[in-house]
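Structure below; questions to follow.
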């Protein structure tokens, strides 16, 4: 059985009008594997991850409804009570967020922010926690960890901050790590280092990783399998090699074509996807991607396409290539 | 940190110099000039001229200003027209009462305001939130002297729970050490005197606390709301920390920063409020003395008080800024 | 009286973003002067222009103000108040200064007749019709509030506008001009408001004009600081750079573009200041620095007279007190709602 099995996850925000941000998303994460959730901003990937650990703003109030199930080692995270979730967070499932500066408490030393996870979940004393925090900082590649423990987030560089956040996340050797665009806010050179670090850590600890990104480059270098999300639904799902070799959904193809490549022929043009995420159609009316799709045909507007296929599934009535 | 304080102190010099110049000119421009301020309406033209000469008022303005400053520096703020005693002596005698009052008011305002503001923010849109916001908006709209009279009428006159005037029952013959009555009672072990002084303090302190309370509640609420939306709070929750750690270390430690600054700024308003509150409760502090002085047009006292208050105000705010530097690592000067 | 019209929400907003800016640009030694920052923050808000739909800031703000029940209540209260102040004096049953019923009042025996069909609010301690006095008093109170606020607004905007345009457009010399003006303003800002008013009142002698000037002076530094901050924020806006690049004259940019766009927070502050002006004026009356003419009914003076007779006739306190509180509350509600509507951080 998979470590995490997300089944038909849905998130609805009840505001002036109801917004279905995530709609019937299913995927599974096996122990020690890396799963990518890919899509443009607004496609529901961050909402998915926050819903899993119960940290959506106003989650479980009448303003936000979450349905479906997410079985983590047999326990349904979406039905778990707050106390249970608190015990799981940081110990079994840890998260790494996008903006390392705003994700760190500006008035608390780095050391305390690392140590508090250990103190909370491992029940160890302050001194022991401090010693282990230094080891953790060392492990994530922060030089001179003893001194850094006493420093504040604003005294660290962007890359160092993200390393510190990673140290907090891996402190208790969680079984599942969720990384939400961990490199987006960083310089390109730092991005590669951080990805390398993540790769190393999950390999050493045997941690499963959900990698949330809009960057197919990140996926290519890291993930075992990939789920492409559009307007709150999975539109294509496959193993990494399969996806890159035979991209099937026009949206996936579009994403791949909009990556600039150094080895591209001179004069070859980038082909961006038309329009923006705002031009979505409600899934009930047809394929949400149809308004932006070059391959859209009449059938696309008759009803929502279903997810076809087992190992390589896609949600399209007129796919690019049939795998 | 030391250099920071020195720099801040140096920055105060032009402000205080400017203020002293304004006050000097103010004293000069008063109807009738300083000699009226001293003699009042009494005195023949001859005695007036004599006084003008004695005071050096016939000398150039800048010489006069120089002298004025010299007196200021030696702590000489002149003599009260009303009581004929040095202004500084009067202040020193009454200052402890005002400090007792304002500090108690501040303790009430902080002690109630911060938890209330926090709860209102956490239960945003709830009953407590609405009532505390509405209450605090209304609170600043009630003239404090009206509130003072109403509280006095209900709790002192009608219900008789607390004394209505003064700082100490006349029947109690307490030993004076510091002129902080409550403290005196504790120091000398005269517990009944301390308890009595405390009882006298309750109503004025509650009255004076209303506006700071209203401001602190709204300030804390707004600040907590802002912090609740910060990513680091989500990070703290994602770490599975207990509610207590999230609240104390991650929410409040950040949310209280602007509140601390506000508290420093409340000093000016508190001293203004003390003038009104002490008057209503016949509380013998500086405020009541000032209200009397306004009545008597006792200008040397008023001028001295303004200078005095300005110095307190800038000092308190300097202390607040320094405290801020200690609690917020981002402004810490290396 | 409100300590220096501190509005908390803005102050909290004041520290946070500036700090963030500060550290990202590597600056250190931020001195937290929240009072100033509060004003500067409010000023910054004016620099935000239109939302994505292209709706103007004003239209958008108005829409949000209208949806806010607090603002609507505030506006209704104010409308009623202004209506009473303007047409009330023509409708009152008796002259507010007539002591025709003085024989019914026996202060020695603590007799001040209460409400009756002839005198809806009863008589005051001098045997005048309280109802007529309260109604006519509204006009005096409004007058004091409006004149005092306008005075503070005018002088404050003059100072702040000068400093702001000097800073935003004037290079080094401009910065020096700005610095000199703002030092004076900061000095005034450091004085407790009531004492500032008392000093002015002492200088001018008690009269209605004195109250207006004294209360007006309190708000001068507030408006000056606010407009300056707002203009500086505007000065950094793209369109000023664009206009400068196009060769539009500096003075023209300052007057034609920067100033009009900087006025929003000033108007919000003016609404809030009206509330404090009314309360401060009452406090001055209480300290014996108010209008010495007892014949002209004014809520602050009426209140002060009534408080000494709280035991005998509490209603005499209640009428003007409720009048002052409700009016100040109306201005506060509306002002706060406007400020919230202008603050993009609170939009949701």
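The letters A, B and C name the chains in turn, as written, and every chain counts its residues from 1.
Here is the rule we use: a residue touches a chain if its C-beta (ideal position, glycine included) is under 8 Å from a C-beta of that chain, and two chains touch if they have at least 3 such contacts.
Please read these numbers as outputs of a predicted model, since none were measured by experiment.
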Problem set entry | Most remote chain, CA-based centroid, reference being subunit C | A
Seminar exercise, completed: Set B-C beside A-B; more C-beta pairs touch across B-C
Exercise. Any idea how many Å lie between the Cα centroids of subunit A and subunit B?
Worked result: 53
Seminar exercise, completed: Rounded to the nearest Å, the gap between Cα centres of subunit B and subunit C is 22
Exercise. Can you list the residues of subunit B that touch 2 or more other chains?
Worked result: 257, 328, 330
For this session: Would you give the residues of subunit A that are in contact with at least 2 other chains, written as numbers and ranges?
Result: 106, 154
For this session: Any chance you could list the residues of subunit C touching two or more other chains?
Result: 19, 23
Exercise. Within the complex, which stretch of subunit B touches subunit C?
Worked result: 4, 8, 14-15, 18-19, 22, 26, 29-31, 137-138, 140-146, 149, 153, 157, 211-212, 215-216, 218-223, 226, 257-258, 261-262, 264-266, 268-273, 275-276, 279, 291, 294-295, 297, 299, 302, 305-306, 309-310, 313-314, 317, 320-321, 324, 328, 330-334
Exercise. Which of the residues in subunit B end up touching subunit A in this complex?
Worked result: 230-232, 234-242, 245, 249-250, 253-254, 257, 327-330
Exercise. Which part of subunit C faces subunit B closely enough to touch in the complex?
Worked result: 1-4, 6-9, 11-16, 19, 22-23, 28-35, 183-184, 186-187, 190-195, 198-199, 202-203, 205, 275, 279, 282-283, 286-289, 303, 307, 310-311, 314, 317, 321, 324-325, 328-329, 332-333, 336, 345
Problem set entry | Complex interface listing, subunit A residues touching subunit B | 53, 55, 85-91, 94-95, 97, 99, 102-109, 112, 116-117, 120-121, 152, 154, 165, 168
